[in-house]
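Two complexes come next, and they have one chain in common, chain A, joined by chain B in the first and chain C in the second.
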Partner chain A sequence: MKWFEYGDETISDKELLIAVPSTIIGVGILSLPREIAKNTVSADGWLSIFIVGVLFIGFAWIIAKLASTYPHQSFFSYASSLVTRPIATVLTILLALQGFVLTAFVMRVISDIAKEYLFDQTPVEVIALSFLLVVVYAIAGSRAGLFRLNMMFFPIIIFITVLVGGFAVAWFSVDNYLPVFKTDLSGHLKAMQTSSFSFTGLAILLFYTSIVRKPKKAPKMAAIGMAIVPVLYIFIYLLCLGVFGNLATANLNYPIIELAKEIEVPGGFFERFDSIFFVIWIMSIFNTTAMSLDVTVFALESISKLKKIQLLYILAPLIYLVGMFPQDLITVVQLGEFVSYYGVLITIFATVLLVIMSVIKRRRSNV
Partner chain B sequence: MAARSIFKRKSKKGISANDENFSRYLDANIDDNLESIKEMLDSPNDLVMRRFHLGEHKCAIVYIDGLSDKATIEENVLKNLEIIERNKKLTSTDKPNLLAIIHEELISLTSIQNVNTMDELMLSLLSGGSVFVLDGVDRVLLLDTKMWENRSIEEPVSESLIRGPREGFVENLRTNMVLLRRQIRDPNLHFKTHEIGRRSKKKLVVAYISGIIHPDILKEVNRRLEAIDTDDALESGFIEQWIEDSFLSPFPQVDNTERPDKAAAGLTQGKFVIILDGTPFVLIAPTTIGNTFQSPEDYYERWLIGTLLRCLRYLAAFITMFLPALYIALVSFHQGMIPSQLAFSIAATREGVPFPAFVEAVLMGVTMELLREAGARLPKTIGQTIGIVGGLVIGEAAVSAGVVSPIMVIVVALTAVASFTLPLYSVAISFRLIRFTFMLAAAFLGLYGIVLTYIMINIHIVNLKSFGVPYSAPFAPTFFRDWDDLILRVPIPMLTKRPEYLQPTDSKAGDKEGKRV
Partner chain C sequence: MSKKKLVFLLYYCLLTLVLAGCWDRVEIENRGFAVGSAIDLVEKKADGSYELMLTSQFVVPSGLGSPVQGRGGGQKAYLNISATGESLFQVNREMATLTSQVPFYQHLKILIVSEDVVKEPNLFGNIMDLFIRDHEMRRGIRIVIAEGEARKILDIKPDNEKVPALYLDSLMENNYKNAGSLKPVHIGELQELLLSERSYSIPEVHFADKFIQYKGAAVFYGVTNEMVDSLMDEEAKGLAFLTETSTDGSIKVNVNGEMVTVELKSVDRGIQVTPKDKTDIDVAIDIHVNGNVAERFGKASVRMDSYIKKVEKDVEDKIEKMTTQTKDKLQKELKVDVIGVGDKLYQKHYTFWNTVKDDWDKGENYYSQSKININVTAKVQMVGSSDKVKTTGDD
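Then we have the complex of A and B:
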């Protein structure tokens, strides 16, 4: 008889499924419609998101497949068996760094947005610090607990998005979607490039697949989880485009939040829905931050002798410093670009390298 | 922790002082034995020692007046022995043999023990048994003649229902076991007895249905019960706090009830029940956050009503925690969010109020808690007066004096009413406590503070466990099959499976009783 195996530090395949969109959906989507609208004509951008989404679904499947061929082995252990220990160490550090900068960046962005939409006098430093402390508290608990948090918050996030969509119907105009398919190839490529930055975070699969109870199911679950992301992105994108049109969307900083501001909640309980929307979106951003910081801690745990809590004490102040370092919005955007480029590239690099090595190794052992 | 270490120290001292007495063996001489009993108890005046002769043998019956049933002793022991004495049959038999004959043939009681230590003798004597001592034998007979005054079975006061059984547990352990057995006539309903308290030596019973409960839960609870080290467990609350997974958490990880139907439902779901002698509150565990919103009545009413009541309670929990905090956040940070009409009227009523919204809310919140506490402590008839004085007079006066705004009074009153709809008193208190944390967070960081606090509480809940079962189940880890009895309560004929999150051994048995509270 199995004893409460879910009480251990392992996760179910369902939890992995939810963890993928929970990690990826965060601050990226808030500005994604603007970035895409800039480069495409009318509402053609959905095609770009769709193509990138399909690519990333395949990518998620490959990563999970790679990790699940070495069931219940940590990233470091299977990576070192493939590409020798020193290279595995370097890869782990590089991937950990990705989670680290992502956490810092997201923390900074959320504080900036919170200052813009919720407070005008509270300093950004205080907002960021309180957020980081909550994240640290989450990671200090059990790892399985983090995945349960994803499970609890994710439905709320989907719910609020659909709610905004439902209320927005009244402001909707189909004319905004016309004309269709007028964007040239370079525009699409540019849009695809920017939208791929909203898909950072897949690196978690490299690490967390090792604690999934049924690793065989992991690739399928990762792909399904990944599929939620483009669906939600396209939904939000089309929503913004349908209400604001291409031109307005391209000039709004955070179109989806502006959309929430625009709509009117029936019953007249709230004058401005944007604060409510953003406050609930914080849960999603929290999930992103918690997962990426935890994956950093998880990665460093495997190569150092330090304990989880000790690592957390070392990392948290550094994250705060890095996040607070940019002085103005432009530097924040630059940091964001760096985070996205770096995150996508390092994940692709690590995966491709390991997949190739894995294939070579198998060939050799077969011969 | 401090309290725990104090307890430990005390009890350790206690046992070392008593060690020599407790391990002492009985003497063969009746006078010595009786003398040492007297000495140990410091010859209290309720100690009865009836000496008599059985032929030429000296004997005695010892019991404590009031704890033992005199009539039983007279009818079943003394009378029988007198008849024997008249027959004079026993004079020639040797003494140990005589005791055995008396044990087996002459005393007509259902439960008799033959022991030879002072320790066992004292325990029996102090729990209402009587002792038969025979001269020349270093053993005595312990006769079960327990009989003390008990409260009769009454309607449970703390959990009243409109529909449902009217009987509640009482202080007597045996009666409580009977109440459970009357609900479940299954030979697999087992009771495991523990003894709690170094000095009080109270009986504690773990009830479970073997074949349903997961064996590891049982192992764990027995291990924890054996680890309890205290002088006395006055109430099952002591046990609860000793055995729960995290005693620092604001959420109780063990459920308590006065209702046999609720306890029986827990048993059939795959939980265990702890009954402590001397308290009508039995413990049910493992429990999860979902149980907080369940009341036995949900199942007795039709499913639509049950479901609506559930939803109402979830709403009530959110109102209890969030409403005052939302008020503070909206009034002091996000005035723009309030519809303009309402904003004007709030501003108008807050015109003369000298305090910031947070102070106002804390002031009213604390007043409300004071009223509740006063109402609970006073006798019922005066308690109602407190409600009227507090609710109407203070509220009205506070508003007209300009100390608080009328909106604040509405908020506080609504919060209070909402918090009373939660069926579990202990959890309702936790929610009310958490409310103040939310208010503080709202005062510092507005809505942002509220959502961060909400995330923090969720973090706490997902890390919390009740006997190995995650407290957040079946929300997360998600067991969709168990959602039929979570926020919704589907019709009873569809509730055919026991909750999956408890991992019952026998989950597929379509036991229709299986899914009650």
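Then we have the complex of A and C:
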């Protein structure tokens, strides 16, 4: 069998920009409006998303800055130079693990939702398997090709979200936004905590910055890419709130899917808009899983002697097993909490550690 | 062929099974498209549970016929199936055994609930759960309350439409747009209402021989979700002025003993709440209507400013009378906050609302003690294409 080879496995800075929101936007936003509405009064939750968003934009910039200080070096090589080889190996494995569990979790969630809304009889296992196979197929090819796929899907995802917003205007009530700023601090803190879970996936910047052609631009591009995420989240959140009001949003499992279900295209010839929305949202979830699995493979490639395809053959069944392990909804939610906590903490930990070491190193070399 | 290639070939063949994705396949001929459902109360059992009857209306496509074919050979275009039980979901499954088709609810348009069902405390909220929870149900399903047996409504035979449920659906839409009826309530909105414990109203239909009359309003008490009363005619119209943002109805007044009908073009409603004390809440409802003179008996010139002023004054008085009557009934007699004063308090006076919300239209009932004033302003904008149609006559 012959593979089509791209000339070089590098990506442009714009591709990095799109990769960030492509990876982060996925299943989190489906339930985010509910989690935030639960803890805040009326539509105050946008403030929580905004604050968390700004923090994460800064965070994205720092990660990309760190990685681009060592242009065209892989994570493992610059981490080794900063914190010695064994620690760098451990860090790589820990970060690879976060991509691994994230893929497993997202695969499970999307299969559950697809079963709930689309396939009544099909077993979850079969849906998950076919989804995973497509993801594995995508990763088996070119890495740069994966980024191009992101570039292609992302505008479609934005388009469908805006379209849902446009059709939802008929159901919209501004009264749902009143009163404003009545949430107490603890409510905001809780909302911020839950919304930060929808921002997992920044770890890709630690790895992919090395294959960007112009690393100097990377921090700016990462920050801009990151900025798209809270903007889209706030848009969806305010949309759900405006249509459903706070109470109903807090009681819907997936407010944005319900929103797509509620709207009717004028003219009555097309009643089931939710199916289109759902199909397109699966593209976004495909992006998330593909990127997080690819980053896992990429990370492990740097520390092991195995080839990409071999790694993929080892990882894919494991991911499937981990994803299928939870027996019910409660365990899936617990897995999700673990994935989010772990993802955010390990990324912060690795970044902070490396930034500190890098600052110390530079001081020493200056002296 | 090498062994490896053979394995691959087998593998690919197996994969195509997954790709076809026909696990959930139901041929469209086998789907029974339900367009309307009706819920009736069969009996209240001694242990407090309820025996319900669910009637669903399925479309029979061959009965619809195409425009070329004419009336489709006289076959009925719908099929009503009823089943009884305690859980509506089980009833629905039972229904599937009675028909050759798989009931399919994604195109359900209308849900008719009998008055007997909603007059039982808490029952209404409970049975709505299925329609909100089930992923097959869309949030745009319209709900109406029926006086008497709900399933009879699914059996009326209108002359111009073949499927009764679709007839009712378009009737509601049209009446809302043209005749100043109450806006149809969707199941999505109902979920918000059920969750908020706010009192509300749902349009009510009456069965009249061959037709359905759609003009009343069933008033619900939010805490128990039970229907407390129904508003008819004038009262329902008053409610429309108090709760709807746009009412495109008409209003008939007598000016100098001559009848004038004003067609309403726009209705703006604003509620101002000034809470001074728990027992001293001032509520000012401002209703502003714009309208045109649509029909007039008599011969006075409509181009005279003084005449128009008089029409406006009379329209104001009439609306004020209607709305005050409705308000008095809702506030003093039924003591349910359908108008949405509580909403305004929540939106504009959040801290104050938190102190009264537990005793709003329950307990101490501060709502019924509040002072509600209605102020109506009317403006006649156009008088039509002619001044008058006769110059001599009565006086």
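Heads up, the rule we're going with is that the second predicted complex is superposed on the first by the 358 of 367 C-alpha atoms of A that agree within 3 Å, B and C clash if a C-alpha of one lies under 4 Å from a C-alpha of the other, contacts with A are read in each partner's own complex, and residues count from 1 in each chain.
The rule is simple: contacts are C-beta pairs under 8 Å (C-beta built on N, C-alpha and C of every residue); 3 or more make two chains touch, one makes a residue touch a chain.
All values reported here derive from a predicted model rather than from experimental measurement.
A.B. asks: So, does A:178 touch the first partner chain B, the second partner chain C, both, or neither?
C.D. replies: second
A.B. asks: Please work out whether A:54 is in contact with chain B alone, chain C alone, both, or neither, and reply first, second, both or neither.
C.D. replies: neither
A.B. asks: Applying the document's definition of touch, where does A:131 land relative to chain B and chain C: first, second, both, or neither?
C.D. replies: The first partner, chain B, only.
A.B. asks: So in the superposed three-chain picture, is A:141 touching just chain B, just chain C, both, or none of them (first/second/both/neither)?
C.D. replies: first
A.B. asks: Looking at the overlay, does A:151 come into contact with chain B only (first), chain C only (second), both, or neither?
C.D. replies: So A:151 only meets chain B here.
A.B. asks: In the superposed arrangement, does A:231 touch chain B (first), chain C (second), both or neither?
C.D. replies: neither
A.B. asks: Which partner does A:272 contact after superposing on A: first (chain B), second (chain C), both, neither?
C.D. replies: both
A.B. asks: Once chain A of both complexes is superposed, is A:356 in touch with chain B (first), chain C (second), both, or neither?
C.D. replies: A:356: touches no partner chain.
A.B. asks: Spot which of chain B and chain C makes contact with more residues of chain A, would you?
C.D. replies: B
A.B. asks: After superposition on the shared chain, which partner residues are touched by A:12: those of chain B (first), chain C (second), both, or neither?
C.D. replies: first
A.B. asks: Show me the chain A residues, by the header's touch rule, that chain B contacts in one structure and chain C contacts in the other.
C.D. replies: Shared contact residues on chain A (touching chain B in one complex, chain C in the other): 118-119, 122, 126, 130, 271-272.
A.B. asks: Please output the residues of chain B touching chain A within their complex, sorted ascending.
C.D. replies: Per the stated touch rule, the residues are 214-216, 333-334, 336-340, 343, 445-452, 455-456, 458-460, 462-463, 465, 468-470, 472-473, 475-478, 503, 505.
A.B. asks: Going by the contact rule at the top, pick out the chain A residues touching chain B in the complex.
C.D. replies: 1-4, 6-7, 12, 14-15, 114, 118-119, 122, 126-127, 130-131, 134, 137-138, 141-142, 144-153, 268-272, 275-276, 279-280, 282-283, 286
A.B. asks: Quick one: which bits of chain A touch chain C in the complex? Just the residue numbers, please.
C.D. replies: Residues of chain A touching chain C: 41-42, 116-123, 126, 129-130, 133, 171, 175, 178-179, 182, 244-245, 247-248, 251, 258, 261-262, 264, 271-272.
A.B. asks: Show which residues of chain C lie in contact with chain A when the two form their complex.
C.D. replies: For chain C paired with chain A, touching residues are 15, 18-19, 21, 23-24, 106-107, 135, 138-140, 188, 191-192, 195-196, 343, 346-348, 350-351.
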